[in-house]
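Note that the chains take the letters A, B, C and D in the order they are written out, and that residue 1 is the start of every chain.
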């Protein structure tokens, strides 16, 4: 009973939804929507489980006076103040976010939105530190990642076109220097010649590439986004879709049942 | 007056979150706990007004016949999930979970078929030559098509699991990785702007709405 | 000026040409109660103000009702809220300012009815049937004990190493399931990996913390970890309090998890599931405390950030393959084999589609678009 | 020399954060701006509103929430300023319930600036669930969806709404988007009722609308902070977005420079080994 019933429910629900997908006739036509509504109701009630977990976790900290218990207490207070305020405004004005609601006017706009927006804005810093740290030209693939990120970044902003040639020029100069200093240490004359040749090539490329990027940085960025980026995304999507379908079939057939123990 | 007070509150919370960038500290801890607590309550209120009330309570009141009584099913499932509080029969909650997982599996099949698989494959049916007003323009468009088709195919090869990536398959999957990396780089670079916009929004709040410098 | 007054004159004194070739038919692939009406635009479409769709019930002389209006340039209308099985005729009234002219009435009636099969989804059905048959075939093979091979996935190989290292440092393990609900397949894939991590953690007697965004996922995570601990023979070490709910707010969750990271200082962090913008907040904070991080998601927009900020990343489908990979369950592995055959089929299909499209474009023969049209689901 | 390079590979991330923060802050404090030519699709949107006769009704839809506020809210302010300065009337509604408070705040604020009267010059309808159904039904009669405004006043008792019934009575619809509602506006309001639509939205969603612009299904497109900056520039009220473009450009270039510095240090380290 404990194991078979859930597997049967999963099987039945899953198969029904798949069948309904191919049948516009009622009651199948609106089954997906109906199930979705039910799911929303169930997950709404499940919030009680979550709140029990959250509040008990912090209440235990408070009652045990463990480290940071004061913060746990402020969490609990913040929870109840928000809850009562929200329902109070909701009952008084019909909707907790309505125009006259003090909940909207003060809590939502001056507490909730700033917290959300500031937390979100931390990404600006993290995206910079991640780029600085992770974009290292150590392997061929990583170098590609770095270059396409750099070009798209420069291509997206005004001034990008003007700055890109300098950056390209600098990078090529650096290449030339590295190849030259490597070549000097080389004993094998062929390899030395190759490295010197590479250095000269890098120097020669500076002007044409700088010219190209002065004109076409934004266009190149757009092209990368629209062609190679799209191609890879498509491949990944197809893989994900297949994997998702296979996983779903495994669940329906009862092969995958982690969720049920 | 209230406006000023609340602006200060918002500014305090903003700075408290920013202080996390330096290191963990009591201000961040405070803001974090306030955020977790109040947002949990906020979404509970939201769930009530935008989900439970319209979809269960109002629907029960407004409908008649089968449309009304069928709502007993989700109500029972909701009770099931709450039975987790009663240890001896906590296992019944799995029935409700089984329903949601069944939905996941059903939708996992149909949504992936309709939303990704079929349209993405269809979009890759591209002609190898695109006629246009002049040859070079045509060639450009055609090359783009070739790259799109080849890129998609080699990326699929990268995800080939049941064969070792050696020889031809190895070369193809390596080409796949090249495309994937270019894509990830581009996608990363593309997102920077939206993220900086968020920071600009917060900085503007601080210097405009709070400090009135600008 | 002259032109304007001429148009003005035209507007006040002439009836517009009527719409022509009006046809009405039952809307295909719907649940009934709807008719689609189409017509050819009036010759005077440029001065038409609107087309009125007139519904005639029962017979051509039956009761006439205005069904709705569309603006100029539009040549179709979907009439809804009709009775199934009832006969409907239609007529288009073309309005130009106050004047109008009527089209002919549709010669044959349209009878709305619901359909039992969605013809636009036939390709999806075929794909699903082939996939299921392949799956069935390989399942049978697996049951007979045929060996199934799977390529190495670095991110999954690293799990044991990450858990081990975390234990050496005497730190807990943090497992983040992201923002998915249990109705999202990636979350279920994340739970499958959690089970393996929990088992390893129990073997090493390490603490495992799982903060949650969704309460039902929390319940499932509790069950999963308990199961993992039981399989390792250490149910005594299981602490339900370590698998807690935080908040259903995207960034509130990120703030809370960041707090846990800097205070509990986990040695290994797993980010497995459905992630959105908060992915990088979590991954960068995780890196800053020096944890070894293994991430995986199917959110393509977040993968670049995981690649950049974490040590190992399961890219999309690799994550779905994880449960089969980790358990080496022959039944699960056989589904991977079926997936690979499907991939080969799709690649062949893309080749075929490319050939047909090329022929269609180069020769102008519209018939060769059939494959592309077949895949059009809307 | 080499030591310096090696240090570059390990700059404390907090120093990066500080530099980044200053890069965003300083252009605002000193009002440094870049010369920018407004994008043609934004100019098109601007002209579309600019040429409307006084008294025309503009409908603005708030289809975003706090998360996309920095990008989209400046558009809302700039467009509201434009409308009120040209004596156009504004009807506002929204499809994202959590965006409603943002819309109300901006509307009240700008209306006050221009001494506009509620009910006469602007109306706020609020939110009704049902997206596609809401858009379609408003095409038949706005009252079938919004019998009352946000404050519960029947629409007919609001002077400016008396002659506003369908999209025919609305000169242009401005959809401000952070998701897929923009597509619904085009699919339903434009395709079915031939309504004129301008879409404005985050840099993430806006690129998907260029096909609409080419097929004239929308008459203007305002994308991301750049689009907002252009609009602020056009209405001569330079604020958040306009001055934000300088930090945008500076930060992008800064990150590229950081990447190069990191690699310089990395190469130096590796060559020593």
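General observations
The working rule: a contact is a pair of C-beta atoms (placed from the backbone, for glycine too) under 8 Å apart; a residue touches a chain by one contact, two chains touch by 3 or more.
All values reported here derive from a predicted model rather than from experimental measurement.
The chain with its Cα centre farthest from the Cα centre of subunit B is D. Taking the mean of each chain's C-alpha atoms, the chain whose centre lies closest to the overall C-alpha mean is B. Top contact pair of chains, counted by C-beta pairs, is A-B.
Averaging C-alpha coordinates per chain places the centre of subunit A 22 Å away from that of subunit D. Between the CA-based centres of subunit A and subunit C the separation comes to 17 Å, rounded to the whole angstrom. Here the CA centre of subunit C is 27 Å from the CA centre of subunit D. Separation between the centroids of subunit B and subunit C, computed from CA atoms only, is 11 Å. Shared contact sites, meaning residues of subunit C that touch two or more other chains, fall at 121, 124, 128, 181-183, 185, 188, 216, 219-220, 223, 246-252, 255, 263, 277, 300, 303-305, 307-308, 315-317, 321, 336, 339, 343, 346.
Among the residues of subunit D, those touching two or more other chains are numbered 13, 17, 21, 24, 67, 69-70, 97, 248, 251-252, 255.
For subunit A, residues that reach two or more other chains under the stated contact definition are 18, 21, 39, 42-43, 46-51, 54, 68, 108-109, 112-113, 115-117, 119-120, 122-125, 127, 129, 131, 133, 135, 145-146, 149-150, 153, 156-157, 225, 233, 236-240, 242-245, 247-249, 251, 259-260.
Put simply, subunit B touches subunit C in their complex at residues 17, 20, 23-24, 28-29, 31-33, 35-37, 39-40, 42-43, 81, 84, 93-94, 97, 100-101, 103-105, 107-110, 113-114, 117-119, 121-122, 124-131, 149, 152-153, 156-157, 159-165, 180, 184-185, 187-188, 191.
Those residues of subunit C that touch subunit D in the complex are listed here as 68, 70-74, 250, 277, 288. Those residues of subunit D lying in contact with subunit C across their complex are 13, 67, 140, 168, 191-194. The touching residues of subunit A, counted against subunit C in their complex, run 18, 21-26, 29-30, 39, 42-43, 46-51, 53-54, 57, 60, 68, 115-116, 119-120, 122-123, 126-127, 129-131, 133-135, 145, 233, 236-240, 242-251, 255-256, 258-261. By the touch criterion given at the top, residues 11, 13, 16-17, 20-21, 24, 34, 36, 66-67, 69-70, 97-98, 100-101, 104-105, 124, 150-152, 207, 226, 245, 248-249, 251-264, 266-267, 270 of subunit D touch subunit A in their complex.
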